[in-house]
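Okay, handing you the structure first.
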(Lines give C-alpha, C1' and ligand atoms only; values in the text may rest on other atoms or scores of the structure.)
Protein backbone atom coordinates (compact mmCIF):
# COMPACT_ATOMS: atom_id res chain seq x y z
CA UNK A 1 0.00 0.00 0.00
CA UNK A 2 1.27 3.43 -0.92
CA UNK A 3 2.20 5.60 2.03
CA UNK A 4 0.58 9.04 1.91
CA UNK A 5 2.93 12.00 1.99
CA UNK A 6 2.72 13.54 5.48
CA UNK A 7 4.10 17.04 4.84
CA UNK A 8 5.04 19.66 2.28
CA UNK A 9 7.28 22.70 2.49
CA UNK A 10 5.86 26.19 3.03
CA UNK A 11 7.70 29.53 2.81
CA UNK A 12 8.16 29.49 6.61
CA UNK A 13 8.51 25.76 7.30
CA UNK A 14 6.17 22.82 6.77
CA UNK A 15 2.51 21.93 6.55
CA UNK A 16 1.62 18.44 7.77
CA UNK A 17 -1.50 16.36 7.23
CA UNK A 18 -1.48 13.36 9.58
CA UNK A 19 -3.76 10.36 9.08
CA UNK A 20 -5.88 7.98 11.13
CA UNK A 21 -3.70 6.00 13.52
CA UNK A 22 -0.72 8.36 13.38
CA UNK A 23 1.16 9.07 16.61
CA UNK A 24 1.36 12.88 16.43
CA UNK A 25 4.52 13.36 18.50
CA UNK A 26 6.35 10.56 16.66
CA UNK A 27 5.50 12.24 13.34
CA UNK A 28 6.73 15.62 14.59
CA UNK A 29 9.95 14.02 15.86
CA UNK A 30 10.47 12.32 12.49
CA UNK A 31 10.03 15.69 10.74
CA UNK A 32 12.61 17.28 13.04
CA UNK A 33 15.17 14.59 12.29
CA UNK A 34 14.52 14.23 8.53
CA UNK A 35 14.62 17.98 7.92
CA UNK A 36 17.09 18.92 10.68
CA UNK A 37 14.66 21.49 12.12
CA UNK A 38 16.64 23.72 14.53
CA UNK A 39 13.48 24.87 16.37
CA UNK A 40 9.91 25.77 15.46
CA UNK A 41 6.52 26.91 16.62
CA UNK A 42 3.39 25.09 15.49
CA UNK A 43 -0.38 25.17 15.57
CA UNK A 44 -2.67 22.34 14.60
CA UNK A 45 -6.20 20.95 14.74
CA UNK A 46 -8.02 17.79 13.73
CA UNK A 47 -9.70 14.66 15.02
CA UNK A 48 -8.26 12.43 17.74
CA UNK A 49 -8.81 8.80 18.56
CA UNK A 50 -7.33 9.63 21.91
CA UNK A 51 -5.45 12.33 23.76
CA UNK A 52 -3.56 12.06 27.03
CA UNK A 53 -3.35 15.28 29.03
CA UNK A 54 -1.09 15.70 32.06
CA UNK A 55 -1.01 18.24 34.89
CA UNK A 56 2.37 18.52 36.57
CA UNK A 57 2.43 17.69 40.26
CA UNK A 58 5.50 19.48 41.66
CA UNK A 59 5.34 17.53 44.92
CA UNK A 60 5.70 14.19 43.18
CA UNK A 61 7.59 15.58 40.17
CA UNK A 62 5.29 13.70 37.79
CA UNK A 63 2.35 14.37 35.51
CA UNK A 64 -1.12 13.30 36.66
CA UNK A 65 -2.45 11.94 33.35
CA UNK A 66 -5.94 11.63 31.89
CA UNK A 67 -6.78 9.92 28.60
CA UNK A 68 -9.89 10.86 26.66
CA UNK A 69 -11.19 9.26 23.44
CA UNK A 70 -12.86 10.49 20.24
CA UNK A 71 -12.30 14.21 20.45
CA UNK A 72 -12.08 17.10 18.06
CA UNK A 73 -8.75 18.78 18.68
CA UNK A 74 -9.89 22.40 18.55
CA UNK A 75 -6.35 23.75 18.84
CA UNK A 76 -2.88 22.49 19.56
CA UNK A 77 -0.11 25.05 20.19
CA UNK A 78 3.48 24.04 20.71
CA UNK A 79 7.17 24.32 19.99
CA UNK A 80 9.85 21.99 18.65
CA UNK A 81 13.32 22.06 20.22
CA UNK A 82 16.07 19.67 21.33
CA UNK A 83 17.26 18.16 24.60
CA UNK A 84 20.41 16.02 24.95
CA UNK A 85 20.55 15.62 21.17
CA UNK A 86 16.97 14.34 20.84
CA UNK A 87 13.77 16.08 19.70
CA UNK A 88 11.90 17.69 22.60
CA UNK A 89 8.30 18.62 21.83
CA UNK A 90 6.22 20.84 24.09
CA UNK A 91 2.54 21.05 23.21
CA UNK A 92 -0.68 22.20 24.81
CA UNK A 93 -4.15 21.59 23.46
CA UNK A 94 -7.88 22.04 23.78
CA UNK A 95 -10.11 19.18 22.68
CA UNK A 96 -13.89 18.79 22.62
CA UNK A 97 -16.19 15.81 22.88
CA UNK A 98 -19.46 15.13 21.06
CA UNK A 99 -21.31 17.54 23.41
CA UNK A 100 -18.77 20.33 22.68
CA UNK A 101 -17.49 20.18 26.25
CA UNK A 102 -13.78 20.97 26.27
CA UNK A 103 -10.70 19.58 28.01
CA UNK A 104 -7.37 21.32 27.94
CA UNK A 105 -3.79 21.47 29.11
CA UNK A 106 -0.39 19.93 28.57
CA UNK A 107 -0.40 17.10 26.02
CA UNK A 108 1.49 13.89 26.82
CA UNK A 109 0.39 11.88 23.76
CA UNK A 110 -2.16 11.99 20.98
CA UNK A 111 -3.26 9.73 18.15
CA UNK A 112 -5.17 10.80 15.06
CA UNK A 113 -8.73 9.43 14.79
CA UNK A 114 -11.14 8.80 11.93
CA UNK A 115 -10.28 11.91 9.95
CA UNK A 116 -7.01 13.83 9.88
CA UNK A 117 -4.88 16.29 11.81
CA UNK A 118 -3.35 19.35 10.13
CA UNK A 119 -0.30 21.12 11.57
CA UNK A 120 1.44 24.30 10.39
CA UNK A 121 5.09 24.33 11.53
CA UNK A 122 6.99 27.68 11.45
CA UNK A 123 10.72 27.04 11.58
CA UNK A 124 13.05 29.21 13.66
CA UNK A 125 16.61 29.07 12.23
CA UNK A 126 18.27 29.18 15.68
CA UNK A 127 18.77 25.76 17.29
CA UNK A 128 17.04 25.82 20.67
CA UNK A 129 17.53 23.46 23.61
CA UNK A 130 15.37 22.72 26.62
CA UNK A 131 17.12 22.41 29.97
CA UNK A 132 16.01 21.76 33.51
CA UNK A 133 15.77 25.01 35.45
CA UNK A 134 16.73 23.84 38.96
CA UNK A 135 15.08 26.88 40.59
CA UNK A 136 11.63 25.68 39.46
CA UNK A 137 12.18 21.97 38.77
CA UNK A 138 10.84 22.20 35.21
CA UNK A 139 12.28 22.22 31.70
CA UNK A 140 12.60 25.69 30.16
CA UNK A 141 13.56 26.56 26.60
CA UNK A 142 16.95 28.35 26.63
CA UNK A 143 17.29 31.43 24.41
CA UNK B 1 -22.05 54.25 3.75
CA UNK B 2 -18.38 53.53 3.19
CA UNK B 3 -17.45 49.86 3.40
CA UNK B 4 -14.55 49.22 5.78
CA UNK B 5 -11.54 47.47 4.33
CA UNK B 6 -11.57 43.86 5.56
CA UNK B 7 -7.94 42.83 5.02
CA UNK B 8 -4.40 43.96 4.33
CA UNK B 9 -1.37 42.09 3.02
CA UNK B 10 1.30 40.77 5.37
CA UNK B 11 4.71 39.29 4.44
CA UNK B 12 3.23 35.79 4.69
CA UNK B 13 -0.34 36.38 3.55
CA UNK B 14 -3.18 38.52 4.90
CA UNK B 15 -4.48 40.02 8.11
CA UNK B 16 -8.28 40.39 8.28
CA UNK B 17 -10.45 42.44 10.62
CA UNK B 18 -14.08 41.39 10.25
CA UNK B 19 -16.96 43.50 11.56
CA UNK B 20 -20.27 43.08 13.34
CA UNK B 21 -22.66 41.03 11.21
CA UNK B 22 -19.98 39.52 8.96
CA UNK B 23 -20.33 35.87 7.97
CA UNK B 24 -16.81 34.64 8.71
CA UNK B 25 -16.68 31.76 6.24
CA UNK B 26 -18.15 33.91 3.43
CA UNK B 27 -15.45 36.54 4.05
CA UNK B 28 -12.70 33.90 3.98
CA UNK B 29 -14.12 32.42 0.76
CA UNK B 30 -14.22 35.90 -0.79
CA UNK B 31 -10.55 36.43 0.16
CA UNK B 32 -9.63 33.09 -1.45
CA UNK B 33 -11.34 34.03 -4.71
CA UNK B 34 -10.23 37.69 -4.89
CA UNK B 35 -6.61 36.89 -4.13
CA UNK B 36 -6.46 33.41 -5.71
CA UNK B 37 -5.13 31.89 -2.49
CA UNK B 38 -3.75 28.40 -3.36
CA UNK B 39 -3.98 27.21 0.28
CA UNK B 40 -3.39 28.69 3.72
CA UNK B 41 -3.38 28.17 7.45
CA UNK B 42 -5.08 30.66 9.74
CA UNK B 43 -5.66 31.56 13.36
CA UNK B 44 -8.22 34.06 14.63
CA UNK B 45 -10.10 35.36 17.64
CA UNK B 46 -12.83 37.89 18.37
CA UNK B 47 -16.45 38.28 19.41
CA UNK B 48 -19.31 36.23 17.96
CA UNK B 49 -23.01 36.92 17.73
CA UNK B 50 -23.36 33.21 17.14
CA UNK B 51 -21.36 30.10 16.40
CA UNK B 52 -22.61 26.75 15.15
CA UNK B 53 -20.47 23.78 16.15
CA UNK B 54 -20.93 20.30 14.67
CA UNK B 55 -19.77 16.86 15.78
CA UNK B 56 -19.64 14.34 12.96
CA UNK B 57 -21.84 11.30 13.36
CA UNK B 58 -20.28 8.59 11.17
CA UNK B 59 -23.37 6.37 11.41
CA UNK B 60 -25.62 9.01 9.90
CA UNK B 61 -22.86 10.73 7.90
CA UNK B 62 -23.98 14.14 9.16
CA UNK B 63 -22.95 16.74 11.71
CA UNK B 64 -24.94 17.02 14.94
CA UNK B 65 -25.05 20.83 15.24
CA UNK B 66 -25.35 23.19 18.19
CA UNK B 67 -25.71 26.96 17.93
CA UNK B 68 -24.58 29.22 20.76
CA UNK B 69 -24.93 33.02 20.99
CA UNK B 70 -22.84 35.91 22.30
CA UNK B 71 -19.48 34.27 22.75
CA UNK B 72 -15.87 35.34 22.85
CA UNK B 73 -14.06 33.28 20.23
CA UNK B 74 -10.92 32.44 22.22
CA UNK B 75 -9.24 30.75 19.27
CA UNK B 76 -10.10 29.62 15.78
CA UNK B 77 -7.58 27.40 13.93
CA UNK B 78 -8.12 26.32 10.35
CA UNK B 79 -6.97 25.86 6.79
CA UNK B 80 -8.08 27.15 3.41
CA UNK B 81 -8.08 24.78 0.44
CA UNK B 82 -10.24 23.90 -2.57
CA UNK B 83 -12.71 21.16 -3.49
CA UNK B 84 -14.24 20.74 -6.96
CA UNK B 85 -13.08 24.25 -7.89
CA UNK B 86 -14.68 25.95 -4.90
CA UNK B 87 -13.18 27.22 -1.63
CA UNK B 88 -13.21 24.57 1.11
CA UNK B 89 -12.65 25.92 4.61
CA UNK B 90 -11.89 23.67 7.57
CA UNK B 91 -11.96 25.38 10.95
CA UNK B 92 -12.10 24.42 14.60
CA UNK B 93 -12.68 26.78 17.48
CA UNK B 94 -13.02 27.34 21.19
CA UNK B 95 -15.53 29.94 22.37
CA UNK B 96 -16.47 31.14 25.85
CA UNK B 97 -19.64 32.58 27.31
CA UNK B 98 -20.07 35.34 29.92
CA UNK B 99 -19.14 32.90 32.71
CA UNK B 100 -15.92 31.87 30.87
CA UNK B 101 -17.28 28.38 30.28
CA UNK B 102 -15.97 27.07 26.97
CA UNK B 103 -17.40 25.17 24.02
CA UNK B 104 -15.26 23.73 21.29
CA UNK B 105 -14.99 21.67 18.17
CA UNK B 106 -15.60 21.77 14.43
CA UNK B 107 -17.15 25.05 13.25
CA UNK B 108 -20.04 24.94 10.79
CA UNK B 109 -20.81 28.69 10.74
CA UNK B 110 -20.00 31.83 12.67
CA UNK B 111 -21.09 35.47 12.61
CA UNK B 112 -19.19 38.37 14.12
CA UNK B 113 -20.89 40.05 17.09
CA UNK B 114 -20.71 43.49 18.71
CA UNK B 115 -16.96 43.94 18.31
CA UNK B 116 -14.69 42.44 15.68
CA UNK B 117 -12.90 39.29 14.66
CA UNK B 118 -9.23 39.30 13.67
CA UNK B 119 -7.70 36.56 11.49
CA UNK B 120 -4.08 36.02 10.43
CA UNK B 121 -3.90 34.02 7.20
CA UNK B 122 -0.54 32.40 6.25
CA UNK B 123 -0.56 31.50 2.57
CA UNK B 124 0.94 28.24 1.28
CA UNK B 125 1.98 28.61 -2.40
CA UNK B 126 0.97 25.03 -3.31
CA UNK B 127 -2.66 24.64 -4.35
CA UNK B 128 -4.26 22.06 -2.05
CA UNK B 129 -7.48 20.11 -2.58
CA UNK B 130 -9.71 18.26 -0.17
CA UNK B 131 -11.05 14.90 -1.28
CA UNK B 132 -13.23 12.26 0.27
CA UNK B 133 -11.14 9.44 1.70
CA UNK B 134 -13.41 6.42 1.13
CA UNK B 135 -11.62 4.35 3.78
CA UNK B 136 -12.83 6.72 6.52
CA UNK B 137 -15.79 8.50 4.92
CA UNK B 138 -14.38 11.96 5.60
CA UNK B 139 -12.71 14.72 3.59
CA UNK B 140 -8.94 14.81 3.90
CA UNK B 141 -6.54 17.42 2.54
CA UNK B 142 -4.39 15.86 -0.21
CA UNK B 143 -0.68 16.68 -0.16
CA UNK C 1 21.73 37.93 39.15
CA UNK C 2 21.89 37.60 35.40
CA UNK C 3 18.67 38.47 33.61
CA UNK C 4 17.61 35.76 31.14
CA UNK C 5 17.10 36.85 27.56
CA UNK C 6 13.36 37.02 26.91
CA UNK C 7 13.23 36.88 23.10
CA UNK C 8 15.11 36.15 19.90
CA UNK C 9 14.45 37.16 16.30
CA UNK C 10 12.76 34.80 13.84
CA UNK C 11 12.36 35.22 10.07
CA UNK C 12 8.87 36.63 10.63
CA UNK C 13 9.28 38.43 13.96
CA UNK C 14 10.18 37.21 17.43
CA UNK C 15 10.03 34.16 19.67
CA UNK C 16 9.66 34.91 23.39
CA UNK C 17 10.22 32.69 26.40
CA UNK C 18 8.82 34.35 29.51
CA UNK C 19 9.72 33.22 33.02
CA UNK C 20 8.07 32.66 36.39
CA UNK C 21 6.71 35.95 37.74
CA UNK C 22 6.68 37.77 34.40
CA UNK C 23 3.74 40.04 33.61
CA UNK C 24 2.91 38.84 30.08
CA UNK C 25 1.34 42.05 28.76
CA UNK C 26 4.15 44.21 30.20
CA UNK C 27 6.72 42.00 28.42
CA UNK C 28 4.82 42.24 25.13
CA UNK C 29 4.56 46.04 25.49
CA UNK C 30 8.30 46.23 26.19
CA UNK C 31 8.98 44.20 23.02
CA UNK C 32 6.79 46.55 20.98
CA UNK C 33 8.66 49.62 22.24
CA UNK C 34 12.20 48.20 22.11
CA UNK C 35 11.77 46.81 18.60
CA UNK C 36 9.31 49.42 17.27
CA UNK C 37 6.86 46.70 16.22
CA UNK C 38 4.30 48.31 13.86
CA UNK C 39 1.73 45.55 14.45
CA UNK C 40 1.76 41.78 14.91
CA UNK C 41 -0.21 38.63 15.47
CA UNK C 42 0.84 36.16 18.14
CA UNK C 43 0.11 32.75 19.60
CA UNK C 44 1.42 31.42 22.88
CA UNK C 45 1.08 28.78 25.57
CA UNK C 46 2.61 27.97 28.95
CA UNK C 47 1.95 27.87 32.66
CA UNK C 48 0.21 30.66 34.59
CA UNK C 49 0.32 31.64 38.23
CA UNK C 50 -2.84 33.56 37.50
CA UNK C 51 -5.02 34.77 34.66
CA UNK C 52 -7.73 37.41 34.76
CA UNK C 53 -10.46 36.98 32.16
CA UNK C 54 -13.09 39.64 31.45
CA UNK C 55 -16.43 39.54 29.66
CA UNK C 56 -17.54 42.93 28.36
CA UNK C 57 -20.81 44.22 29.77
CA UNK C 58 -22.10 46.73 27.18
CA UNK C 59 -24.70 48.12 29.59
CA UNK C 60 -22.08 49.17 32.13
CA UNK C 61 -19.28 49.59 29.56
CA UNK C 62 -16.91 47.56 31.73
CA UNK C 63 -15.42 44.08 31.90
CA UNK C 64 -16.80 41.64 34.47
CA UNK C 65 -13.52 40.06 35.59
CA UNK C 66 -12.62 36.65 37.03
CA UNK C 67 -9.17 35.67 38.28
CA UNK C 68 -8.09 32.03 38.31
CA UNK C 69 -4.82 30.59 39.68
CA UNK C 70 -2.39 27.83 38.66
CA UNK C 71 -3.50 27.10 35.14
CA UNK C 72 -1.99 25.67 32.01
CA UNK C 73 -2.48 28.25 29.27
CA UNK C 74 -3.53 25.92 26.46
CA UNK C 75 -3.59 28.69 23.88
CA UNK C 76 -3.36 32.47 23.74
CA UNK C 77 -4.19 34.22 20.46
CA UNK C 78 -3.83 37.95 20.01
CA UNK C 79 -2.61 40.99 18.15
CA UNK C 80 -0.26 43.86 18.92
CA UNK C 81 -1.20 47.37 17.74
CA UNK C 82 -1.15 50.96 18.98
CA UNK C 83 -3.64 53.41 20.48
CA UNK C 84 -2.88 57.09 21.18
CA UNK C 85 0.84 56.37 20.78
CA UNK C 86 0.91 53.52 23.31
CA UNK C 87 0.98 49.73 22.84
CA UNK C 88 -2.51 48.22 22.69
CA UNK C 89 -2.62 44.46 23.16
CA UNK C 90 -5.72 42.40 22.40
CA UNK C 91 -5.54 38.77 23.54
CA UNK C 92 -7.90 35.89 24.11
CA UNK C 93 -7.02 32.63 25.79
CA UNK C 94 -8.06 29.19 26.95
CA UNK C 95 -6.61 27.90 30.21
CA UNK C 96 -7.08 24.61 32.05
CA UNK C 97 -6.88 23.65 35.70
CA UNK C 98 -5.52 20.47 37.30
CA UNK C 99 -8.71 18.57 36.33
CA UNK C 100 -8.35 19.70 32.66
CA UNK C 101 -11.48 21.83 32.95
CA UNK C 102 -11.10 24.89 30.73
CA UNK C 103 -11.87 28.60 31.07
CA UNK C 104 -11.73 30.98 28.15
CA UNK C 105 -12.28 34.44 26.80
CA UNK C 106 -10.79 37.91 26.72
CA UNK C 107 -7.62 38.23 28.79
CA UNK C 108 -7.19 41.26 31.05
CA UNK C 109 -3.92 40.19 32.73
CA UNK C 110 -1.74 37.14 33.14
CA UNK C 111 1.37 36.22 35.08
CA UNK C 112 3.70 33.33 34.32
CA UNK C 113 3.74 30.54 36.92
CA UNK C 114 6.22 27.85 37.91
CA UNK C 115 7.41 27.02 34.42
CA UNK C 116 7.49 29.29 31.38
CA UNK C 117 5.35 30.83 28.69
CA UNK C 118 6.35 30.72 25.01
CA UNK C 119 5.02 33.22 22.45
CA UNK C 120 5.57 33.38 18.69
CA UNK C 121 5.09 36.94 17.40
CA UNK C 122 4.57 37.44 13.63
CA UNK C 123 5.23 41.06 12.73
CA UNK C 124 3.05 42.96 10.23
CA UNK C 125 5.05 45.83 8.66
CA UNK C 126 2.01 48.18 8.54
CA UNK C 127 1.49 50.23 11.69
CA UNK C 128 -2.02 49.52 12.96
CA UNK C 129 -4.09 51.54 15.42
CA UNK C 130 -7.09 50.63 17.51
CA UNK C 131 -9.91 53.18 17.72
CA UNK C 132 -13.27 53.30 19.42
CA UNK C 133 -16.02 52.44 16.97
CA UNK C 134 -18.89 54.63 18.27
CA UNK C 135 -21.53 52.48 16.52
CA UNK C 136 -20.70 49.53 18.77
CA UNK C 137 -18.93 51.13 21.76
CA UNK C 138 -15.84 48.93 21.41
CA UNK C 139 -12.29 49.31 20.16
CA UNK C 140 -11.71 47.99 16.64
CA UNK C 141 -8.43 47.65 14.80
CA UNK C 142 -8.37 50.07 11.84
CA UNK C 143 -7.05 48.75 8.52
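Order of writing sets the chain letters: A, B and C. Residues in each chain are counted from 1.
Note that in this section contacts are C-beta pairs under 8 Å (C-beta built on N, C-alpha and C of every residue); 3 or more make two chains touch, one makes a residue touch a chain.
Chain labels with UniProt names: A, B, C = DNA-binding protein.
Treat the numbers as computed from the prediction; the structure is a model and nothing was measured.
Because contacts link each chain to all the remaining chains, their graph is best described as complete.
Summary of the copy comparison: rotating subunit B (DNA-binding protein) onto subunit C (DNA-binding protein) for the best CA superposition needs 120 degrees, to the nearest 5.
Centroids built from CA atoms put subunit C (DNA-binding protein) at 22 Å from subunit A (DNA-binding protein).
Shown for subunit C (DNA-binding protein) are the residues in touch with two or more other chains, namely 12, 43, 75, 94, 102. The part of subunit C (DNA-binding protein) that touches subunit A (DNA-binding protein) in the complex is made up of residues 4-8, 10-12, 15, 17, 19-20, 43-47, 72-75, 94-102, 114-116, 118, 120. Within the complex formed with subunit B (DNA-binding protein), the subunit C (DNA-binding protein) residues making contact are 12, 39, 41, 43, 53, 55-56, 58, 64, 66, 75, 77-79, 90-94, 102-106, 122-126, 135-138, 140-143.
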